[in-house]
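Here the chain labels run A, B, C, D, E, F, G and H in written order, and each chain numbers its own residues starting at 1.
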Amino acid sequence: MNREQLAALLEEVATGRLSPASAVERLRHFPSEQLSFAQVDHHRALRQGYPEVVFCAGKTVEQVLGICERLEAASGTFLGTRATVEQADALGDRFERLEWNPLARTVHLPPVRASARVAPGTVLVVCAGTSDLPVAEEAAVVAAAFGHPVERLSDVGVAGLHRLMGASELLAKAAVIIVVAGMEGALPSVVGGLVGVPVIAVPTSVGYGASFGGISALLGMLNSCAAGVTVVNIDNGFGAAAAASRILRRD
Amino acid sequence: MNREQLAALLEEVATGRLSPASAVERLRHFPSEQLSFAQVDHHRALRQGYPEVVFCAGKTVEQVLGICERLEAASGTFLGTRATVEQADALGDRFERLEWNPLARTVHLPPVRASARVAPGTVLVVCAGTSDLPVAEEAAVVAAAFGHPVERLSDVGVAGLHRLMGASELLAKAAVIIVVAGMEGALPSVVGGLVGVPVIAVPTSVGYGASFGGISALLGMLNSCAAGVTVVNIDNGFGAAAAASRILRRD
Amino acid sequence: MNREQLAALLEEVATGRLSPASAVERLRHFPSEQLSFAQVDHHRALRQGYPEVVFCAGKTVEQVLGICERLEAASGTFLGTRATVEQADALGDRFERLEWNPLARTVHLPPVRASARVAPGTVLVVCAGTSDLPVAEEAAVVAAAFGHPVERLSDVGVAGLHRLMGASELLAKAAVIIVVAGMEGALPSVVGGLVGVPVIAVPTSVGYGASFGGISALLGMLNSCAAGVTVVNIDNGFGAAAAASRILRRD
Amino acid sequence: MNREQLAALLEEVATGRLSPASAVERLRHFPSEQLSFAQVDHHRALRQGYPEVVFCAGKTVEQVLGICERLEAASGTFLGTRATVEQADALGDRFERLEWNPLARTVHLPPVRASARVAPGTVLVVCAGTSDLPVAEEAAVVAAAFGHPVERLSDVGVAGLHRLMGASELLAKAAVIIVVAGMEGALPSVVGGLVGVPVIAVPTSVGYGASFGGISALLGMLNSCAAGVTVVNIDNGFGAAAAASRILRRD
Amino acid sequence: MNREQLAALLEEVATGRLSPASAVERLRHFPSEQLSFAQVDHHRALRQGYPEVVFCAGKTVEQVLGICERLEAASGTFLGTRATVEQADALGDRFERLEWNPLARTVHLPPVRASARVAPGTVLVVCAGTSDLPVAEEAAVVAAAFGHPVERLSDVGVAGLHRLMGASELLAKAAVIIVVAGMEGALPSVVGGLVGVPVIAVPTSVGYGASFGGISALLGMLNSCAAGVTVVNIDNGFGAAAAASRILRRD
Amino acid sequence: MNREQLAALLEEVATGRLSPASAVERLRHFPSEQLSFAQVDHHRALRQGYPEVVFCAGKTVEQVLGICERLEAASGTFLGTRATVEQADALGDRFERLEWNPLARTVHLPPVRASARVAPGTVLVVCAGTSDLPVAEEAAVVAAAFGHPVERLSDVGVAGLHRLMGASELLAKAAVIIVVAGMEGALPSVVGGLVGVPVIAVPTSVGYGASFGGISALLGMLNSCAAGVTVVNIDNGFGAAAAASRILRRD
Amino acid sequence: MNREQLAALLEEVATGRLSPASAVERLRHFPSEQLSFAQVDHHRALRQGYPEVVFCAGKTVEQVLGICERLEAASGTFLGTRATVEQADALGDRFERLEWNPLARTVHLPPVRASARVAPGTVLVVCAGTSDLPVAEEAAVVAAAFGHPVERLSDVGVAGLHRLMGASELLAKAAVIIVVAGMEGALPSVVGGLVGVPVIAVPTSVGYGASFGGISALLGMLNSCAAGVTVVNIDNGFGAAAAASRILRRD
Amino acid sequence: MNREQLAALLEEVATGRLSPASAVERLRHFPSEQLSFAQVDHHRALRQGYPEVVFCAGKTVEQVLGICERLEAASGTFLGTRATVEQADALGDRFERLEWNPLARTVHLPPVRASARVAPGTVLVVCAGTSDLPVAEEAAVVAAAFGHPVERLSDVGVAGLHRLMGASELLAKAAVIIVVAGMEGALPSVVGGLVGVPVIAVPTSVGYGASFGGISALLGMLNSCAAGVTVVNIDNGFGAAAAASRILRRD
């Protein structure tokens, strides 16, 4: 039951076509519809100019194509993460304007008319090693698709601090910093100690042996000695970008 | 907003004292109240003659006493699990009719007028070793407090099958069987293979070394080769009794 | 030793052809046969109109075909779970009436004459995300094959509560609810808080990174704050259906 | 080497008292001092009116007293977390204005002259159960000590959604939401699905058995199906408040 | 139903006082009794001169005393493991002949008339470090109480091989070797490579940090590169002695 | 340095061709040779008529062929475990008498002249489900190759106890029982409660979800409530057979 | 900013072309450059005659080729680890002098003019089983490429100590010993007990079942009872060689 | 059998008092004595001026006193780690010259005549936070007791890099660096990137929640992106000092 339907029902009550008791009965059986229109309002706010996001991993080419076609029809835009080459090829054949980033494994159909900038502030995506790049790039592409300016700073692992130090101006300009690292996951602590802005840590599954598919980096980040660093799931570049967007759109 | 308040609001609309638009505004800000009266109805059904349940572990004597006094005032009954001797003593001083089971660590104030039996069917609580008794007894006391007849069958571990076999009539009469076991947690598989009624497995933290505080029993029960055995948390006798009550009250 | 053989032996004792002492000796060496005919009775009750269930994963096409042929010959029906396309094709060539559900990965040969309904009560299979569908569908197909009416409610994850709330009538009508979810496994807690009937939670291996192949969902469900929710193994749709059937057939 | 020292050195070069080559030598041996004055500037910005924070757990009463006296002498304020009653008593004897919160286990000496508000925006601390209150209260006290207005919303676990729904206005007004939950850790997913602002999830060690000291809640939160929820360490209310402060002070 | 009862029943059938059909009915309801007398026979064989064993940990002084009194009354002997000083004192007051080994934490009431030796062959208990001695001593005491000659070889860790090598004659004489070790648990591999007799490995919880309460030693022993080494639970000296007794009594 | 070389050296000393001091020097640099001839004696005893055993997994066809050719040349026999079809084919082409067991994945070249029986006593290999058969068969083939008579008992899982009970005579006749089970690993506890002979438990990686590749079965077996059950590594049928052989050859 | 740039800046100050205040501003924005030239000096020292090392796993043939071409152009040498056959083939086509070790999976382009020996002392690489050889060989190749003489000692597992003892002279001559072992990882303890030189332990992922991909060996080595044994990551032969090189180059 | 005994035996052979055959027999039964004198030689080398080390944790005051008295009698010196106040007091009463370090929990009786320096080179003990000090101090005291000059650098966690950078000269002078850190364990990576000398990482159990008693720091260190960093067990300051001593004494 949306706002219009509720208004119509109340109109019926006001005009005597529906008794209050009957209205109680009808309202009492549809609590969720009451809830849903709050949701709809909220969702509308969330989606102003934003693409819908599809998690492509584990879906067939046909499923991805079908979902994206529906999204494009509804909103003129979509964004897919963890896409395979086959999925990207099929989408590229169907949508001429498709942007395929093979490193980030993202497929993006930007809206025809770019939305006005949703919020000020640059997202800086910092990454420890070249093997972390796919996750970092996923974060960067998603943040950009959500309407935020994005900067990148790569290959600044903690075993060679001079590279990170050489980028202090870049660090100082960022509104939110996403730090992507595998292995020991120490980079967010160092970055968090250098800046005062929000730092979102993304552990990656990069490494072998006792990296245990990213557990080592995840634990390192959760135990960061830099106060106020927050963490998302292993390899979850998308989630970090969504968190950054929550922060920047806040105001 | 409960049903009466909603009816009053709609009455105002029907009588023209409130415009439909204003009613929409008021309703739209309170979706949860719409939800809550469904909840209340539902809760009322749940609570017919049932005691409220308090998890006493980690609460001070004063906190437990305060909560139980409020519950008694509201419903004339309460049930507490994981109670300490100190908590039980304080409650016993305050409530003359208190039933304290030191093995099960439960405190129960039964309602003055026993409710009619909520549902037919006996709950049988089976337990592997004497060390599992506190958890088994918690399940038994809670199930009884919820209004179900309870039978007990103890010390029937799988390394001495003849004891379990000797109780086949007891097994055959039960409507639901709660099986409590630590160590390797094999008893639910054996019981599940002997009966067709619901079997709820409760792993206990009994054991040492590689029992890892109940993980061994938990994993054994989750991997039971007897189809349709379900599992609750380690040492969660209360949860098993609640699940049994869901099953028996179903009809 | 079955009932007939026991009767014959006792007849021999009654007619003096076998001395009591010799009978003691013969009976004492065959305790399990004594047991087995109780088993047989029990099993017979379990199997009235039920298909035999084959776990096809890890078996060759030939093995599955051989087992199913024996089951069909014995009972006129069978049900296989975790079947591959190759296994399903081979069975389809052999059994014309085979029902192959590629999403649930089940193969079912229903009995020629449908058995009368075994018990009243609908099984509702609720599922959090589209990736959880194979497990949910396995539960649904198995429950139906066991003779229970089944309803489905899909894609009602906890991050969009309005979808779940919109289905309150469906929830209210179910006799048993199977809730299938991966990732954080929170859906059973929410459903368990909304209904009073039995809720069986099935964690799925859906997710990545710190979902650890379903451990995250499993732990979430075991720690559910809704009292009386029970849990089966990760991805074990079959087990949930078997548990539901134990509950419904109970009376 | 701070800015003044560097300026003096360069003055010597400018006036010919020091050769450029000697200056190179002196600068080359003190790279970190070069770094440190950037740090100092940065730290000064961080600390405007903020208390220093002391992690009291595992320290003796004497150690805590000593550290706090030095902090008070330097800045007129301090904040301690995880303080014991003994530590709080000793500090209370020494500092008349000390604010001791036994639930949050915090000791706070506010500055004599309250600093102007550092940033607009309210921090809402939501908590699932009463046992999660100490961690939630730590987050609330720290956020307030950092200069942010704080609201609290307690006991809104996911098994009773109507309580959370009844607080929709509170949720809608928050600039940042800290969600504290133990057991299955599902609350951040539900809150994250209802609001668009940043959501920081804090798992607690509340629970028993398969909650594994907070691992269950931690994994649930890392796998949240609500996009953009970030997570801090188990029981780390302080860290969540620090993260919230990074977000609010950003602009 | 024991052998006498079965004989009596069959006598009734033979004499016509009970019809075969009635006998079938009575036998069919008591399958486990059929089983149990096989058990009893078997148990009797097991117990010739053996003490009953009580796991004292987690039991009250009264419980232990009660159980031991019943055992002494029935068999004239008992053996308790993991006994506390209080339990031992109480038993010592009650049973004059009690043997209390505080290192092994065992209490033993040997039978008045020592049984003849149950089987030839010496049990050698080898132990890596002095901290492993309580577990090793438990194994030794239990093996001796079960009637086997026992030798001990202590403090022969793998970092000082010459000590183990110096005891080659002792190794060569043993019929079964129990090897007790914590930390890396390497000793069973070395011993297993030196001898051809059965080697039973007992991991202990000795160590700290990454020994994880004995997991390190347990995994080391399960992965032993010496073929045919078997393993029991962490700290389970009793179990190793029971396994040794199964081996020696075999013939 | 073997016994002959030592004797020769001492002969040189006796005849004055070598001074005692020089002999000390030569002996002091070769302590291990002193050790090795004890080893050689011991190894000779171990190998009387036994095949050498090759772990084929992870080796190339060429490597396996090369090793087996050397073993055949030296001893006329070999045994390989975890062999692939390709390895078996290549060995079959080279050795006409090769025995290839595809279920057990073993390749065996028996000696031309069968050795006399090494020891009395039958090894019974019991297995819970059909999926456990490869591991059970590996144990059976290895035990037979080591010269022990072997019996098999399959598909006697604990959820259908009557099948195990029906084989009580087989259980009673065995000298050593190897019990192979996956999932909850409960079978060794049941068997261990029925017999007094040595029981060696082999967990298998059979199962899914919370079986965690055999951890569930492994933990179940380590925590067996039947005293004296010992355990080997997951899927280690070879190790169980080697342990059985240590037991039977003991006397 | 390197040393030359700093000297030039100071020259400008000395000559009055730049004011001290302006110089402060310029220096203050580039702290990391100050740091970096210390780094450069340090790095230069590290690289005297050393090859650059590329971790090839997970890189495409093109990426590896591109990186190695840049390294060869800059320094005339490179070393790659975890290289595939395809990567090695492509490098071999491009660099005639390439040394490809398929067992170690290394590709090495030695410098045209061999550097003088960097430090005295032999690295001995000891390995437990033939399956550990790839990791051992990686360590050996890397150590040799770093300029150290290397000896190898293979297949000396702890279950056959005589083989290790037979190599005592080799052990005695080594300056650093790298010990590579899978399964229970006991070899470093034994070696560490025999020698006084540094022992670096490398766990390998060799094994199955409860070896858990090298965790068993890793834990065994971390808990070594031989004092002063240090450990690197699972399968990290490269890291062990780098640690050995740090030790040998120290003086 | 030591060198003198061997020489005497050979003298007997040379003089004809013992036949070569009898000598073979005597030598063949004492292989370990052959081994042991190599050991003794080796041990003697190890112990020149070194104290014996006693792990005091878990020992009674009497046991520690007894062991230390024997050590003092034999060598005039001892060193104890993990000592309690009670143990230290008792030792202090007995040995006037005892050095008790309550932070490091060490008790040291230095030799009366200080041995000459065993090897050149300073051990630098770096530590991340004040809570890591006990472990760092244990390493420092042990290294000093082993005869090495020791420097300390404390409270230089990676979230405040300027502190570490300010100590670059200290880092540059060290021959071996022991880095002690809890929480995320990132400090060894940073230090390892700054220096070329051996870096030994010691994870500590400092932290809470997801630090899991030091696992987080341990994994971080094992996955260090700085090549050649080696790791010892959690909290094992003693082991790190022993490893440093192996490195420094090497030449």
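Simple rule for what comes next: contacts are C-beta pairs under 8 Å (C-beta built on N, C-alpha and C of every residue); 3 or more make two chains touch, one makes a residue touch a chain.
Owing to the predicted nature of the structure, the values given are computational and were not obtained by experimental measurement.
Chemist: Taking each chain's centre as the mean of its Cα atoms, which chain lies farthest from subunit C?
Modeler: H
Chemist: Comparing each of D-H, F-H or E-G with E-H, which pair has over half of its contact pairs in common by residue number?
Modeler: D-H
Chemist: Could you state the distance in Å from the CA-based centre of subunit A to that of subunit H?
Modeler: 50
Chemist: Taking the mean of the CA coordinates per chain, how far is subunit A from subunit G in Å?
Modeler: 39
Chemist: Counting in whole Å, what is the centre-to-centre distance of subunit B and subunit H, each centre being its mean C-alpha position?
Modeler: Subunit B and subunit H have C-alpha centres separated by 55 Å.
Chemist: Would you mind listing the residues of subunit H that make contact with two or more other chains?
Modeler: Correct list: 31-32, 35, 38-39, 160-161, 165, 168, 194, 209-211, 215, 218, 222-223, 227, 233-234.
Chemist: Under the stated touch criterion, can you name all the chain pairs that qualify?
Modeler: Going through each pair of chains, those in contact are A-B, A-C, A-D, A-G, A-H, B-C, B-D, B-E, B-F, C-D, C-E, C-F, D-G, D-H, E-F, E-G, E-H, F-G, F-H, G-H.
Chemist: Give the list of subunit A residues in touch with subunit B in this complex.
Modeler: Where subunit A meets subunit B, its residues are 3, 6-7, 10-11, 13-14, 16, 19-21, 23-24, 27-28, 31-32, 34-35, 37-38.
Chemist: Across the complex, what residues on subunit A touch subunit H?
Modeler: The touching residues are 128-129, 157-161, 182-186, 189-190, 192-194, 207, 209-212, 215-217, 219-227.
Chemist: In their complex, what parts of subunit C are in touch with subunit F?
Modeler: Interface residues on subunit C, with respect to subunit F: 29-33, 35-36, 39, 57-58, 203, 205, 213-215, 218, 233-236.
Chemist: Subunit D touches which residues of subunit H in the complex?
Modeler: Residue positions touching the partner: 131, 160-162, 164-169, 208-211.
Chemist: Give every residue of subunit E touching subunit F within the complex, in rising order.
Modeler: 35, 38, 42, 45-46, 53, 121, 165, 168, 175-176, 194-200, 218, 222-223, 227-234, 238-247, 249-251
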